[in-house]
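Structures are listed in the sections that come next.
Note that subunit A is present in both complexes that follow, paired respectively with subunit B and with subunit C.
Up next, the complex of A and B:
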């Protein structure tokens, strides 16, 4: 199996946005997720009004992917089928499931929200990224007990070997109560287009995640 | 009718999460779907829920939806005619 390379990474955690491990944006003040993620959206001038309709998990995944792909020339270099998306999280969409439950729990005030319901599947975050970037390659969301770099490495490597030329992959977690959220997404390609020789392997993924949490 | 239109604008902004859009920016007669606010099919479902939840009006005939939800003005007309 040929090796692959990490062209770029992006992470959103706490009050920070990190690109390739370096702080790119920091609100410094601790604010609630909603306030924070809107400030990220405005700071990077994303300009995609559907963002406001997304649930929190999708907002986190979407913005991380937007910042990851800035200047990557995704559409120019690859056909829609050449790029895949593989994301993992642990809490699935529990925070949104809870919000949807609030719209149906009272039988005397029973108004299920369609706009909330559509986000009660974790793979919707992959769909939002795919629609935005016209990506039609293999895509999947895994729900795992915890971040598993070895599994991510093996699954993405298999896809890169047989089906796709580029992969957006990583970890996007939004905890049920909203008190903890973190994303770490990589852009993986067959060629080392950045000439930084950052090989896509499990030990790098693990170290990178531990550095992020430190 | 003017008050109802203003109320509807505020409710739609809140229910459909139209951030960065103010009530004054929505023209009462402008199309809600396609052009205009660029709403989608999920938004249409939310508008149906809004009518039922806030005004007690059910849309029994789905074919009516296209006319009822054409604009804020058509929604307000429909509410005026049908509310209990």
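Up next, the complex of A and C:
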């Protein structure tokens, strides 16, 4: 099988946005997720009002993908079914599950909302990215205790080999209590369009993640 | 080549594939009206697994640990599917995939949660308990992808075997009944007041079910039931890229998935003998599916939907309904779509109304879900 290349990566963690491993935006002071993620949205001038309706997990995945794909000309070069999306996380949608549960727990204050309920599925973040970018190819959400670069590499490679020409893939985690969040998403293509020779392989993904956490 | 070496389904109709198929053959509907206030504030049709029987069956397994309802369903299902499959769960070359939408969702309740470790509500934690109980050495691969989770799990299993990662894969899926799910679909006004009637003119929504299903995949040609062997020929997934809680109006996403499945299987649409549709019973889903089926030149192929018997079993649906399709193929039987009387979609589909015999070689299984996801899988009988 021919190898694939990483055209670009984007990560949102703590107070920072990193592009290709370099800090691209940093709020410096620690604020709550909501305040932080809105400042990211404003800094990158993302004009997409549906962003405000998303749950925290989808906001994190969506903004990471937006910054990842800036200037990539996704729609021009490929047809909609040529691009796939593969995301992994650990806590599924537990933070939103708790939020939804509070709306049905108290029988005297019962107000289940479809706008909250729909976000209790982890693949909704994939759907949000697909809608925004008109991506119709292979897509899946895995849940794993920890980020598993080896498995991500294996699964994306087999899709790239047989089903798609380009893949948005990575890790988007929003912990149950909201105390920890991190994303690391890659744009993987068959050609080395950036001429940087960054091969898509498990050891690179692993090192990249460890650097991020360091 | 990826073969089916064994299977099981546990639903409101029973605890084995044979028991389920017998009930379906006898036109038994597993949906009943529940006035359990723990499930819904108002009475609602649901398809429930018999709890007393679940405890009785599970008590036969020597185990000291305490398991949740979801885990019990999955463990029983896998153990039954493994019987006679020739696949050793303790083999390092046997992988395990678990599909679920909400896992141990009952543990959101603090009283329930207090009986288990904190992490047990995580989907990977439930999968870990199941994998440990059946004595498998591999980290479970967990797929949570709305209502296509089960179909996706079969496809991922087939792909990982074809890729050489495993020789055998245990593909299991489960979801349980909860107020969480019922209230959520009710908030969308998507829950039917009567047992669901997929593709029918009078359909008015989903009936939620619960259950578990297992399909054992292997590279070794197994001894088939009635000298028939089922293989997974190919499949594909797609996204509508249209709306997070409503399907495409044109059926384009599902149409792409069907085309991918046909391409991988190396088949023309004409060769498909039978379609097991997703058929949630909502206006939008069934119409979208009908358009995709017609667009793929499959408009006159026999179609059925099993949700009228067992409700929508969510993350297990793709597995359970695939197992039913295997039995259809093996017996050359087209089972009627429970709840269907008059066609209520814009395409002239051939929905099966009465039990029919027909030679069945190639079956197409469809699934679609929230987030705009679609899956299509093609099975072959040889």
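Assorted remarks:
Convention: the second predicted complex is superposed on the first by the 214 of 214 C-alpha atoms of A that agree within 3 Å, B and C clash if a C-alpha of one lies under 4 Å from a C-alpha of the other, contacts with A are read in each partner's own complex, and residues count from 1 in each chain.
Keep in mind that, in the parts below, a contact is a pair of C-beta atoms (placed from the backbone, for glycine too) under 8 Å apart; a residue touches a chain by one contact, two chains touch by 3 or more.
Just so it is clear, the structure is predicted and the values come from calculations on it, not from any experiment.
In the superposed pair of complexes, A:145 makes contact with subunit C only, with no contact to subunit B. By the touch criterion defined above, A:114 reaches both subunit B and subunit C. Of the two partner chains, subunit C is the only one touched by A:123; subunit B is not. In the superposition on chain A, A:49 contacts subunit B only, with no contact to subunit C.
Once the two complexes are laid over each other on the shared chain, residue contacts for A:70 go to neither subunit B nor subunit C.
Contacts of A:31 after superposition: neither subunit B nor subunit C is touched.
Touched residues of subunit A were counted for both subunit B and subunit C, and C has more of them. Overlap of the subunit B and subunit C contact sets on subunit A: residues 112-114, 118. Only residues 15-20, 38, 42-43, 45-46, 49, 52-53 of subunit B touch subunit A when the two sit together in their complex. Listed in rising order, the residues of subunit C touching subunit A in the complex are 41, 101-103, 105, 108, 121-125, 128, 139, 141-146, 152, 156, 159-160, 162-163, 165, 179-180, 183-188, 236-245, 252-253, 256, 260, 264, 369-373.
By the touch criterion stated above, subunit A contacts subunit B in their complex at residues 38, 49, 52-53, 111-115, 118.
Of all residues in subunit A, only 80-81, 85, 90-92, 94, 97-98, 100-101, 104, 107, 110, 112-114, 117-118, 120-124, 126-128, 130-131, 133-145, 148, 151, 154-155, 158, 162-163 touch subunit C in the complex they form.
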